[in-house]
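What follows is a set of structures for review.
The same chain A turns up in both complexes below, where it pairs with chain B and then with chain C.
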Partner chain A sequence: MSAEALVVAEGLSRHYPLPRTSLFTRAERVRAVDGVDFTLARGHSLGIVGESGSGKSTLARLVLALEPPSGGRLTLFGEDPATLSAEAMRRLRRHMQIVFQDPFGALDPRHRVARIVAEPLQALRPDLARAERRAQALEVMEQVGLRASDGDKFPHEFSGGQRQRIAIARALITKPDLIVADEPVSALDVSVQAQVLNLMRDLETSHGLTYLLISHDLVVVEYLCAEIMVMYRGRIVERAETERLFAAPAHPYTRLLLASVPRMEAGRARRDGVAPPPAEAETGDAIGDGCPFAPRCPLAEHRCRAEAPRAREIAAGHRVACHLA
Partner chain B sequence: MSLLAVRGLTVALPTGEGEARALDGVDLELAAGGTLGIVGESGSGKSMTALALMGLAPAGARIAGKIALDGEDLLALGEREMDRIRGARLAMIFQEPMTSLNPVHRVGQQIGEVLALHRDLAGGAAREEARRLLERVELPRPARLLRAYPHELSGGQRQRVMIAMALAGAPDLLIADEPTTALDVTVQERILTLINDLVDAEGMGLIMISHDFGVIARTCEAVAIMYGGRVVERGPVADVLARPAHPYARGLIEAVPRLGRGRAGRLATIAGAMPALGAFPAGCPFADRCPQAEEACQLQVPAMRPLGPARAAACHLLEAAP
Partner chain C sequence: MWRHRAFMVGTGLSGLMAGAALLSLFWTPHSPTQIVVRARFKPPSWEHWLGTDQFGRDILSMLMAGAQTSILVGLIAVSLGLGLGVALGLLAAARRGWIEEAVMRLNDLTFAFPVVLLAILITAGWGPGISNAILALAIINVPIFARLSRGAALTIWAREFVLAARAAGKGPVRITAEHVLPNIANVIVVQATISFAIAILAEAALSYLGVGSQPPDPSWGRMLAESQNHLFRSPVLALWPGMAIVLSVLGLNLMGDGLRDLLDPRLGRRGRA
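Up next is the complex of A and B:
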């Protein structure tokens, strides 16, 4: 890939120990993120889709260096965060920002909006005068469709969609290259969701942003991302350019996800040719050394339960971790 | 006769400055075994409609109009009579089953309470019926599940338990308010399949409340789109989704990103934002945001105009079908 790599993950893992059930057994571990490899190139926004428990939010926290990996290597803007001094890490952080799902919880209710938006500058640019920080805050607020006069209001005076604009303005103020957005429109109504998605796409061009978009919603990821990774139980099971993934999904889990999205065009009858999806996984399904999806997979063979499939490239840029793909 | 006929349902809530109408003249119709979706955004009144049907409107609300279930006006009933109908003839499931299940009681006990109240079952007969209900909602190992506490179940399993409790009184009408919004998409698909199967097998009517047109299309034959406490359009799901007539319905449907359409084109949006309760225009509730609004729209509330078989919309700019 010729474009500059903003994020490179190699065998990235994050395991959490579970409480021991007995003195005589080994402590079990949850493999929240389990050996993930990917490169996020500038200008090539990447979506991570998966259901609850897939590890997608943990992966976002790893990429933001909010928690250390328990295995593998992460390179951010060409540097390994594990080796950086606090000062160097702070300089690196201005290049990446996060936008969360809940625009209500993410904004301090006691502060006026201009101060909330300017807040990241306090840590990054302590040299700036207060008036200058405020001027910059009002400028980004206008760029996301808010009014300068909104700067003196409090968060509770805004609707959900406007609060998400405030959160986006705060992310933009450090002029980041990368925005990690974790379910940025899930809490919004349909018509407001469309406004925020359009804004995010406009900013991608106007501000030269690259998104790492975490979502359970395939449609949202399709709208914003050039490329998609599908996560299941801590692993990337499929990765492809967006169009390719929707046209030729190769992993049985990806196909199940796509078939499960209720569509406006469909009637009450099940869509033709789609088998009912297998039972939802019960918590604690032992997967041992096999494929994490094997317990739910309609196609699973003996081999799938015995041996974890490695990701293989089945077409240019299209990688799948499935023995049968 | 219809299973459910709602006429002019109005719910006025007390606010700082007098009253605000959360529902304003809502008409709905559902035949026995019929399926109706109610779609709208936050503040549209869709959940208030469900609560009013269940006799669960907030304390202090002033309710007017008529809710006829099999010809019996529910609004004329006393609280004790309504208790008898809730669970037995009307049942409701909610978005987050964890808040509707009692965390300190086992699943079997909670289903048992419904069976004792509405079916006069106790002891071994109640246990056997509870086990049958869990089987009916396709939960594995029902005997073991009866002894489980709600927190031991997954989100999908909890919603199935809620559906089993709703079925316990053998209701004529099931009201489902965003029952799958908190669930993963693969689990949602299974729950929607289950609801469809149960509605068909038991001959229950269904009112599905959702913000998601896909969920409505998957479960319902008819749809009502709400805005500002009013129904602005209704008709068969396929017709309304393919050719929405009301400008709000059109805007909302066009704002939905569709799977497989890729990055081409921008999403259509609706200008402005949903007003707060009590701040809707005096005329058509959508007049402030409507791209086609004329002077009359600001002044006068449009009546529902028939647009063809089973279709109607409330917009001054539409020609009524002859």
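Up next is the complex of A and C:
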């Protein structure tokens, strides 16, 4: 079964209430994630791209069941996390781990590295003895390019890239199938980014990992993922195989993102003559029923402001939510 | 750690105070309570290092025994306030929603009472005495520690390593014990030393007002209050207990400041956890 579905999201939503502005009005809600459907198959790493505020990180927390969805259904490894007991949930958590963006904030400054790396084993594999947990931590540290002698140091003694390696080691220690990486390299220097991305790619093959990679950077996603989803304001606007998305982007927002990717080759810097994004002021909240991207879209028509587009398949495996695609 | 000068001085002063209190349990130069009518208002001498008061009691002995009272009050009041306050603060941070609301509103209510007023209220109910002064100070300390630890804990709960711990299957109790509490311990320790200093001041104030420790138990605050009647005849009577209060409060504050620096692993030397 090569295409076993690790994650299935159907109409997944997460809304946050805003503080009430008046006693007599209903509290407004932010739709951080708004009706997202996707399937993540084993061995088929998926990238999620979008600007800040598009709901990427909320989606990451939803997929890891760190937050309950406000609507829709989530299936993880064939099970619904909402119905699982705490014990079954812990068993499930062995199969999925997370790597965060900020290598400073993701490691407890008061714990030594070996303890940080071994932390998932503490709760998820209580059957292991302390010495065995430590041995496994040191082993996985060597797999990510750290020295076993680093185990007794504190996180502040490491550089940003090394800290991200520590975070990756912690995610690997339960031998998970799925790693959700939320902007894993965006806090790092460019030269270090490449090292960490190479490490992640090596681990993908050596450990049989599947990534759900979240980034605002298309280049990072292109490097690791077979397929890309583009998110805008909590919705998925386009989904396609990586090559196809780069070759034939159908949604105007995807084109905008691609146009803003800096490229070494001359002539690829601007695609299709899409205008640069207008000022933030024009992207106000009053989108009503229309397409969420309409206020910023250079191609928007009357219909775009009146009616939200539904996702449709324009080619095999290529889905777009745009009236004009 | 001995390079930190403020911490050194603070620990020295606090140690002096604690040492005096400990020593007074076994030995004082004279009895701190015995009245000697012939020896009233004696200036400092070999016999009485700091002189004697209006009843001929040895002032150094009284100061040493008074340190006992101050430490006892500070220790018990701060421990009670810290224990209950930190527990409530951690609970409020871990369980948001109505539990947090209830804890914090209860805090606001307690904050609204000045300590002296609360002590007088309690005294009105159960009579004056050192244990009621301790109770009042403990109650005042609860919301201070609850608010402090809730605020500090909330910043820790927002950190990504807590999310990582949740992804590692840990529940709120373990996260509080393993991640939140160790990371906020330094602010709590610093506040404890400051609260201790404030408790000493407040005990002195309450004893001065007559609702704290009762005669013949020696107390710095009551020494100060009694010296007031003889201020023109012997002004140094007010000086000694005043100095004792100032120096011990200063010492505790300096020690708290130093502890804050020394408890940060990023500033400390390697190998000290």
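Here, the second predicted complex is superposed on the first by the 298 of 325 C-alpha atoms of A that agree within 3 Å, B and C clash if a C-alpha of one lies under 4 Å from a C-alpha of the other, contacts with A are read in each partner's own complex, and residues count from 1 in each chain.
Definition applied: contacts are C-beta pairs under 8 Å (C-beta built on N, C-alpha and C of every residue); 3 or more make two chains touch, one makes a residue touch a chain.
What you see is a predicted model; the values in this text were computed from it and never measured.
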Touched partner set for A:90, first chain B, second chain C, both or neither: second
Touching partner for A:198 - first (chain B), second (chain C), both, neither: first
Residue contacts on chain A - larger count, chain B or chain C: B
Contacts of A:66 with chain B and chain C, given as first, second, both or neither: second
Contacts of A:19 with chain B and chain C, given as first, second, both or neither: neither
Partner chain A, residues of chain C touching it in the complex: 159-161, 163-171, 174, 179, 182-183, 265-266, 270, 273
Chain A residues within the chain B interface of the complex: 51-52, 159-162, 189-195, 197-198, 201, 216, 218-220, 222-224, 226, 242-243, 246, 256-268, 270, 276-277, 279-280, 282-283
Chain A contact footprint on chain B (complex, rising order): 35, 41-42, 140, 154-156, 184-190, 192-193, 196, 211-215, 217-221, 237-238, 241, 251-253, 255-263, 266-270, 273-274
Contact footprint of chain C on chain A as seen in their complex: 61, 64, 66, 86, 89-90, 93, 96-98, 100-102, 105-110, 112, 116, 119-120, 122-124, 153-154, 156-157, 167, 170
